Amino acid sequence: MNGSPLDFDRVTIAEVSRHFGRRRALAKVSVTLEAGQITGLLGPNGAGKSTLLSILATLAMPSTGEVRYGTVTAREGGPAVRERLGVLAHELHLYPELTARENLLFFGRLYDLADVESRTGEALARAGLTERANDFVSGFSRGMRQRLALERALLHRPRLLLLDEPFTGLDDASARSLVERLAGLRGEGAIVLVTTHDLDLVDGLLDQAIILKDGRVADVQRPVHDLRDHYRRLVGRGGLA
Amino acid sequence: MSDSGSLGRFFHVAWLIMRKDVTVEMRSREILYTTAFFALSCVLVFAFSFVREGRAIEDAASGILWIAIAFSGTLALGRTFERERTNETLHALLMAPADRPAVYLGKLLGVVALMAVVEAVLVPLVGLLFQAPIGTHPMYLAMLLATGTIGFAAVGTLFAAMLIRARSRDVLLPVLLYPITIPVIIAGVRGTATLFSGGDATMARAWLGMLVFFDVVFITLALWTFEAVMTE
Amino acid sequence: MSRRLFVPAVLAAMVMFALAPVFIAWAPRETTMGVVQKIFYYHVPSAMMLFLSAFVCGIASAVFLFGRRAAADRVAVAAAELVVVFGVIVLVTGPLWARKAWGVWWQWEARLTSTLVLWMIFLAYLLLRRYGGPGSDRLSAGLALFGMANVPFVYLSVNWWRTLHPKTSVVPTLDPAMRGAFWWSVVAFLLLYVALLAARLRVEQQRSRLEAAYLALDE
């Protein structure tokens, strides 16, 4: 893949804490993410999921502890680590003033992809947006944007894929096809981390479930079974709104 | 670092980002029109203070010009980065496999291009309204505007980018930006005033030298600190 | 460190400030300015401390930004506040001088104007820290670095701007008989600066210790 100088098949999160003054977002979180596994990151709002995601996405640094992509940290690896990283954030990372095709082309070029035109075509087809390729993203529904944003995040075939609430705004059919897509990526050896409120959708999908509560790991379940009951017991409510 | 960190790639990424910004702006022209209109409003407001008996008081034209540039530039900076904030696209740019200062350079080029277009309207207008002789030293005037705009935008781009995750970013941008860019404003105003007063260009050359030096120092400093201030 | 520095610095500063008026009174009376000239013994040392503190803040901010040391950030914030404090002394005593020397409260004189600009940069620093929300420590470190790099540009530009107009000499060449009292004041202010910095640093240290205790309590 582009003769990438760096690849890894494991992400090690070791004793990661993050605090703002006396408010703590994460406390000594230690988890390992492996290639070919889908990990669910679960927990109520304010549990520290998004803080952990932005640390993994190299946008924030831990106050203490470290994250290693294979053997290197984000700081040591720099662009080489980011090249292997795909993120689908809640805010989607799309320019509404550009068309679907332009968004993909822009990011494809930013990632220095050799076959950017053909990859863009394939990605548009997978998102079911070939017909709308030259329409501005501002006119798209949430579901269409969500599908496009996923393809944008996967355009450079990242090793580590971080998905923040990827099922938001998707209809049942799209949600099921996303589940299939993630299963396929697992088969290709991707490291997938997904946060979601929809436990039923991911129940059969996850290889590992991390439940965060108040910034700490309440449990790591592996293999995953009876996720909903387990979650309710740990978090103390069924509130999966 | 890696081969993706080469100098050619660095400028290529900056170019891609600038071209993206220009494309987006050409479509909506929102920032361009609102900023240009705001610059004209500034000129009008200051005209009421500095015009006596139908004529502008001495050196008023250059002052009004640079105040309009600084104020409208602040507006353009704020809006440019608000655009990158709404869908957190700045995060997407920071996650790209390029050296992060390339993102800064790309945004800087976009802001400078935008301000240059506004100035292309503003300068003739100020010349017309205040009988300022903009044609006597056109090269020096253009160079003063270019170096001054680059200096202002160099500091402003870094500050607007880092304020993207701060509360009350709208008010904090001018609060941080104006004290730091005072040398640019003084050099711009005084340099332009010597050109407008019809004197020789010796003094303008001196101010120009200072602006070039300012640009070099602050662009270097911004490239150097960008990654550190952008990583939370 | 701050505690060991604080007590001797405070004691020495107290002694020196107690004796300073004596030396200042002994120094010869300046003919044109009269007794107002004595402001000089506090005005100039305060300005020196302001520039020293700006420099301390800039260096500490660079260390914090690139070395990620929390201790450096504590030094930076303490120094930034002292820039503002000594700036107030300079900006109050300056106009008092101006009133006597030129009959106006504010004269756009190069040094005084540069001080005003520098003072505003560090006031902006404090505003950013106060209202910037989480993470503003790193942002303000960036600002401090820019502020420090800006000092020569501000000074040069204000100086050039002013020399295009009639120049007024502000600080008369120092009478050798005044030097003793002047340097006495400088040392007194330096000790005061060190004492205040140490005290402020201690507050910050206690605060971060308290935060650590809160976090530990959570464990």
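We call the chains A, B and C, going by the order they appear; numbering starts again at 1 in every chain.
Quick note on the criterion: a contact is a pair of C-beta atoms (placed from the backbone, for glycine too) under 8 Å apart; a residue touches a chain by one contact, two chains touch by 3 or more.
These figures come from a predicted structure and were not determined experimentally.
**Student:** What are the chains that chain A and chain C both touch?
**Tutor:** Looking at chain C and chain A together, the chains touching each of them are B.
**Student:** Measuring from CA centroids, which chain ends up nearest the centre of the complete protein set?
**Tutor:** B
**Student:** Measuring between mean CA coordinates, which chain is farthest from chain B?
**Tutor:** A
**Student:** Distance between chain A and chain C based on Cα centroids, please, to the nearest Å.
**Tutor:** 49
**Student:** Using Cα averages as centroids, what's the distance between chain A and chain B in whole Å?
**Tutor:** 37
**Student:** I'd like the Å distance between the centres of chain B and chain C, where a centre is the mean of that chain's Cα atoms.
**Tutor:** Computed from C-alpha means, the inter-chain centre distance equals 31 Å.
**Student:** Quick check on chain B: which residues sit in contact with 2+ other chains?
**Tutor:** Residues 231-232.
**Student:** Which chain C residues sit where two or more other chains touch them?
**Tutor:** 135
**Student:** Quick one: which residues in chain A touch 2 or more of the other chains?
**Tutor:** Residues 61.
**Student:** For the complex, give me every residue of chain A touching chain C.
**Tutor:** Its residues touching chain C are 19-22, 24, 27, 61.
**Student:** Help me check something: in the complex, which residues belonging to chain C touch chain A?
**Tutor:** Within the complex, chain C contacts chain A at residues 68, 134-135, 210-211, 214-215, 218-219.
**Student:** Which residues, counting only chain B, touch chain A once they are in their complex?
**Tutor:** It is residues 1-5, 9, 13, 16-17, 20, 23-24, 27-28, 86-89, 91-99, 231-232 of chain B that touch chain A.
**Student:** Using the touch definition from the top, list the residues of chain B that touch chain C in their complex.
**Tutor:** Of all residues in chain B, those touching chain C are 155, 158-159, 162-163, 165-168, 172, 175-176, 179-180, 182-183, 186-187, 190, 203, 206-207, 210, 213-214, 217-218, 221, 225, 228-229, 231-232.
**Student:** If we count contacts the way the header does, which residues on chain C are in touch with chain B in the complex?
**Tutor:** Going by the criterion above, the answer is residues 65-66, 117, 120-121, 124, 127-128, 131-133, 135-136, 138-139, 141-143, 145-147, 149-150, 153-154, 156-158, 160-161, 164.
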